Amino acid sequence: MEVLRKYASELLEKKAVAAVIGYVRVSDKRTRPAIITNPEDTSSLVFDNYCLNNLSVYLTKARIKALCRTSDKPMKLAITAKPCDVHSIVALIQENQIHRDDIHIISFNCGGVVKDFGLEFSKETLASKCIHCESQKPVYFDKLFGEEKKIPAAEDKQLQKINEIDSMSTEERFEFFKKEFDKCIKCYACRAVCPLCYCQRCITDKTIPCWIESSSHQRGNFSWNIVRAFHLSARCTGCGECERACPMDIPLGLINRTMAIEAKKSFSFVSGRSLEIPTLVGSFDVKDSDELFM
Amino acid sequence: MDKEKWEPKIAAFVCNWCTYTGADLAGTSRIKYPSNTKLIRVMCSGSVDPVFILKAFERGADGVLVSGCHPNDCHYNAGNFHARRRWDFFHKLLDFIGIEKERLQFSWISASEGKKFADVISKITKDIKSLGPFKAYKQMNSEFTVNFPEYNESSNSINKELQ
Amino acid sequence: MKIGVFICHCGENISRTVDCPKVAEVCRNFPGVEYSTNYKYMCSDPGQKLIKDAVLENKLDAIVVGSCSPHMHERTFRNAAISAGINPFLVEIANLREQCSWVHDDVEEATQKAIELVRMALEKVKRDKPLTKIKVNVTKRILVIGGGIAGIQAALDVANAGYEVILVEKEPSIGGHMSQLSETFPTLDCSQCILTPRMVEVYQHPKIKLFTYSEVVKVEGFIGNFKATIKKKARHIIDDRCSGCGLCMENCPIKKKAYNSFEENLAFRPAIYTPFPQAVPNIPVIDETICTHYKNGKCGMCVKVCDREAIDFDQEDTMFVADIGAIIVATGFKLYNIEKKSSGSIYKGYGEYGYGKYRDVIDGLQFERIASASGPTSGEIKRPSDGKVPKKIVFIQCVGSRDESKGISYCSKICCMYTAKHAMLYKHKVHDGEAYVFYMDIRAGGKMYEEFVRRAIEEDNVKYIRGRVSRIYEEKGKYIVKGEDTIAGMPVVVDADMVVLASAMIPHDNAPLLARTIGIPYDKYGFYNEAHPKLRPVESTTSGVFLAGACQSPRDIPDTVSMASAAASKAIILFSSDQLEREPVVAKVNEDICQGCFYCKKVCPFGAIEVKDIKDINGIVFKEVAYINQGVCKGCGTCTATCLSKSIELAGFNNEEIFAQIAAL
Amino acid sequence: MTEKIILKDDFLKICSDLLSKGDTLLAPGQAEYIRIKDISEIILNTSALPPKTSFKSYAFPRSEPLLYYKRGKNDVQIIDINVEGKNIVVIGAKPCDAESLSIMNHLFTWDYEDEFFTARAKHFIVIGLMCSNFDEYCFCTSVGTSPVSEKGSDLFLIPLDENTFAIRIVTEKGNEFLKPYTEFLKDGNEQNSAMITKKVKFPEIAFDKDEVYEWLGNNFESPKWENIGNVCLSCAQCAFACPVCHCFDIVDEDYSYSEGRRMKNWDGCQFGHFTLHASGHNPRDLQSKRYRQRINHKFRYYVDRFGKILCTGCGRCSRGCPVSINIKEIVSNCKD
Amino acid sequence: MNYGYFPGCSQTSSAKEYDLSLRKVFEKLGFGLEELCDWSCCGATSAHATNHKLSNALALRNIVLAGKQGIKNMVAPCAACYNRLITSQHEISMHPERKNETEELLSEKIPADVKVINVLELFFKIGLAKISENRKRDLNGIKAACYYGCLLVRPMNINNFDDAEQPTSMEMIAEAAGATTIDWNYKLECCGAAHSIVRKDIVLNLSKKIIDDAVLNGANVIITACPMCHTNLDMRQRAMKRKYPEHLMIPVLYITELVGLAMGMNVKDLGIDLHYVNFNYDEYIAEKLIA
């Protein structure tokens, strides 16, 4: 932890970066994102199993980006990112939201994080993305800290649930999701925490024409959740923030993961894994399946 | 609603160059098909947004068809290829969420396939008829999380009035 | 908004199954409808007048016509609208004939559908925005890429029409493959004799600017307004000083280090060379890779003998940027090489013919050079290996072509003819020789073509064997050609002295690269795609880019020349007006909300989308957004559906209009 | 105020009677106040933290239609909705929720009476239940209420032992409500229940609300706002979970080309477009300004206008915040 | 690492020495060959010409067994077996209906992850360096004509480990074993194959052409990796000699025998003495052991 603080403080002192986006400890089992611009403030930086936020979401905020332009010469932004968060960064680079050269990625060998604030890190409270994590080492980084760690093995309940839903009848599936979506209060926390939901004006905020009814009756909720899932399919890197942020505990991860599984199955594509592989959205292959079409 | 009288409402998003022209050819060839489907002409199947389909369902469509040029025949070279990928995901998503696969169908119909156009329309009409009205989606617009009795009363009264 | 509804009976075509008066009556009560009527023939003059009068009388803002397909009469009604003072894009057609009356029998049903169709059109027209045609200026200068017969013909045609031409050729001389040929079928006239005057004409034409030994490295812009960057590779010769005397070439001490590619590697060339004596321009090039000067700074023999001081060892590549209005791509072809291909190539090579290891197994172009009077053997038919006259020669057709296992399924079209020509030339020169041709089918479609092949068979006694050759191997100086005579139904073995392979025509290796540079589509082989195989064969799908010759598919000389002239006339048509008018159905970005993810750029089939920087008051770029070049956009709308924040709208088919139609279903 | 004693079983009998009469019964569940279908669902647990959302949505729904319309050839026909509130009884409301409707009532009756809200609110019977637990986010004591506060409740329950409750009749409405059930009630002694409430541990007072009020007035341009604004992600989870946040948006929703309805939907001041003007200008374009607005609205503007703090100290907004921003911490920091 | 081993009928009879040398060589190289339990005919008999279903079922039965034994890579030294097995695998991968049909016949699911390889591929899998490392003897007296026959590197596009028209893998193995190889023209030509019994005249003629071309190009040994080729080239030479007295007898070795020799094994160990044409050891190999 000390090396991280020292490193971050040096970066700021050397004026190599305009700010460090990192985690600070709030209480025992809670951390909070922090945008640190003062080298002295780096003393509160932490990284451990309780750093569950995906900080790359801050890279899309105009306010944060503007920090780079506060002095005469444009500076980089340093971000502490878990290996899985690096996937989001990769996706953001591919979608032209940030440039690789403008950021300084401080990453860690990750041993998994807890699923929500206030919980004790253990096998049972492991975030579901960590259970099936395949990227404990970052694919891109400028500085790597920590030794390789083991993520405790745990049951992949999310996958079991997906399989369970898959085996339901169409009506049962509809009922299941109707019940889940019914809970939605349209607070859009899922959108706010998602690094890839970076649109200044979301489709749901558009009124002429009205794309998605902003009412939170069932139909509006359905539209919102379907469109959210669709817009993220083949883009979502599986950070799981939406599901965590949802105050009504709607299992958004189930849908995201199903679509990710489909992308992998049909197109051998996993989002955010490499800057070289073109994104699935926006590309095509003449050999894509024609199965759907009469 | 009287089940016997019920006729499905189907929206078809078709590209200007192939399917719309194919539909014209079906007309010129006087090939008969059911009248339930109404075409919405777009320039390319690549320009059909999935939200159009949701909107159609919201507006009471019982089924939706999206149709464009055959692969490699796109007037714009590649619009239909992009569409194909898009629909692959969207269809899987709808299926996962529990919307019957037959509600949303896709086809490639060229300008010379008037017969195929009529066949596809007949098929989708038959499919939707056997599924019945898309009640699951239609009902949603009057269902609120907190359902106060007056909503139903008012909406019933208005519905009566409107009809 | 006041809308007029006009329902056409189309004689009885519509009114037979659709109750037109009823449709008009019902529509009269829809929100926004000011006027509604029906008439027997809306597209007729009185019909159009009816529309015009109704518009003027009722001060209508927009009209809906329920008639035949918009593909039939949309233009008619739009013109009627213009004459009545309405923007033509405030006209919507409800397709009541092709998609209603003709396909339904039941009157009630058809009438109901007709009402709904009109209702949809009504809802759309309410949201339609007036649009004006887009006008684009035209730069009346053309870029012709490739200086073979296609490029030469196209350049001359455009130049003779009075427009400027920039002709770019990657080799040191124009002329292309045609200049390598000995004689041409079916007339057996000398290829160079008919080509050279054309080459000179190009060189001397005041309207043609010739860039040889040059490449097009970048093309930006759109129809009428392209900007091309041309790289002129360093020849190391100062063009305007060189008199083409050839002393430098004679005196170059390096004689046998590099094969002469014009002679298809059957001869050598010096380090300073012109590809062939009749080269245009007749200015040599120094090959840096073998020239002694570039190894150790010594030699300089050419400098010594050149009294005009035309040699410049320090010359560097130069770049030229040219404004042009149209492009003709005429980059031609190359031959399928039977050598082993690297893995990943769609071509497989010919292991059964020894992967090119036998020196006397040559391809068609090599035979052309051997048969050519100006070639390495001065026109005598000799074996490349030992210079002996082959007494038995085998020609194999369809080497590569029509053979999916070798990666190519198409027919190269010219091989039947040139093989007959080769066999004929051989028999004319080696009277006691035996010539065998292995063929699959003889495709001799063309004026005098079939007669030509018959002549080879009947008069020159060439032995045609219908069948494939399974293997060639060398045995005691002979080439054992094992094949099958499928007509006789038995194996054939010929111990030949020489074998000539009619290799497939394939595109140049860098054809896809050039296609991407220009932004035109190509097929899996690398041949450029025409906009429509029948009706627009010389246009690419990118407006303002035309195709000529074998870069589009295998072609012989007459086809190539006619295609070149066709492409030229397309360009001339384009140049005949100062401004281009086009339909305003194009996409437009709302820059305020565009998030700059550029998925639109990735999906745009026409490269119409560019990156635009948005700056704050201090001039600092704080956001990149998509910008759609209206000249390039063709209005497919793929970007609109891909855009996640819905910041792009397609004029004439915008989302509000489509949503309105959905609502009126 | 009078205090009565009631057995838990008897209390549940009242509940089941209400159910049989068709009244709506609400009781705190895990995530929200659930609509009771069977009295077994009623758990009168003093130590539970507040559910994730309050019961405000039963008076001020997330989405509700205001009117229906139909476009004619040249006119628009409007069909009104008449709200006739029906009894809603909240059983065991947390003290921090109990007051929510009365706080919101100020807003909804201020210059124009929002009949949709008032018609429902006046049919509410709130039966509060003493609270015996708090976590790091609770700060009811700092905003002038407490775990044993009766404010906002019509009736207030204090458990005397496992099977008995003291029931304090706080309002006339509460009194009326209990009238049919006098058979179940015994007279109680206020001192007994006071013994219990005295033992309840209160969250420490984190800030002085008056000081905060002062500070906010003087520090509109404090750099502190920027620091919070950088971290906050602009979701409206805090507003939607809040028992007293009441912003709404009105949109028209079409059924078809000619029919539709006008909807009133929740909105949140943290959304970037909340204050976006038609001109394109956005007075609160930055998150820091929006967050400042949130705090100012709750702790200063509402006080100015209605004399009430627009906050009950329930801590929901902080408990659910995806980036663990703690409003208690921020407001405590509103000092020099 | 262990490899599965599908011997096929000839390995137990006419090509015993192939089996012998294969096992010995790989044992010495340190790789185990696990014989497939209960293996049966591969279907490369006339089955594939007369009863297609049967030939697929026979081949795939062995694949099923391999799957059950947990074999991932299975070597089929006989070129005919090899060809039959991969062709059947390819066929069911292209035609799901045939897969279903065969699965029904076998009442078993056919695993998709059993890879059938031939001997050449096996050598490449373990690495040619392994052979040169274990070389004990100089074979430079041997000028080998590597004969692939018609089945070993085919069918084209299904078998992708070597070029179907100009294969070179066997040469690479022979050279790794220290032999010299020659370039010749008949390495893929037909030896007569299954006509061995019924039309000796054809076989004699075809095989002689192969041998003659090898000799013409300077070979003194022919190397094969197919029991059938070996039979035709080796067994028929006496008859050739009878018919064409000028015929030069030339020994025909299996590739495994050649590698075995290089590794210092002797003729008897490898079963070379079972061949019809005598392999005169001294003629080819100067007994010089490399340290």
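When the chains are written out, they are named A, B, C, D and E in that same order, and each has its own residue count from 1.
Here, contacts are C-beta pairs under 8 Å (C-beta built on N, C-alpha and C of every residue); 3 or more make two chains touch, one makes a residue touch a chain.
These figures come from a predicted structure and were not determined experimentally.
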item	value
Neighbouring chains common to chain A and chain C, by label	B, D
Relative to chain C, chain with the most remote C-alpha centre	D
Selected pair, greater C-beta contact count between C-E and A-B	A-B
Most distant chain from chain A, judged by the mean position of its C-alpha atoms	E
Centroid distance [mean C-alpha coordinates] between chain E and chain B, Å	61
Rounded Å distance between chain D and chain E, as computed from the means of their C-alpha atoms	84
Intercentroid distance (Cα basis), chain D paired with chain A, Å	32
Geometric centre distance via CA averages, chain D-chain C, whole Å	70
Shared interface positions of chain E, touching two or more other chains	none
Multi-partner residues of chain B (at least 2 other chains)	59-60, 78, 82, 141, 144-145
Interface hub residues of chain C, defined as touching at least two other chains	603, 642, 646, 655, 659-660, 663, 665
Residues of chain C touching chain A in the complex	593, 595-599, 602-603, 620, 622, 624, 642, 644-647, 655-656, 659-660
Touching residues (chain side chain C, partner chain B) in the complex	69-71, 95, 97-100, 102-106, 109-110, 112-113, 116-117, 120, 521, 529, 541, 585, 603, 605-606, 634-638, 640-642, 646, 650, 653, 655, 658-659, 661-663, 665
In the complex, chain B residues that touch chain A	50-51, 54, 58, 71-72, 78, 81-82, 84-85, 87-101, 105-108, 120, 123, 136-137, 140-145
Residue ranges of chain C touching chain D (in the complex, touch as defined)	29-33, 119, 123, 592, 660, 663-665
Complex contact set, residues of chain E against chain C	156-157, 163-166, 185, 213, 216
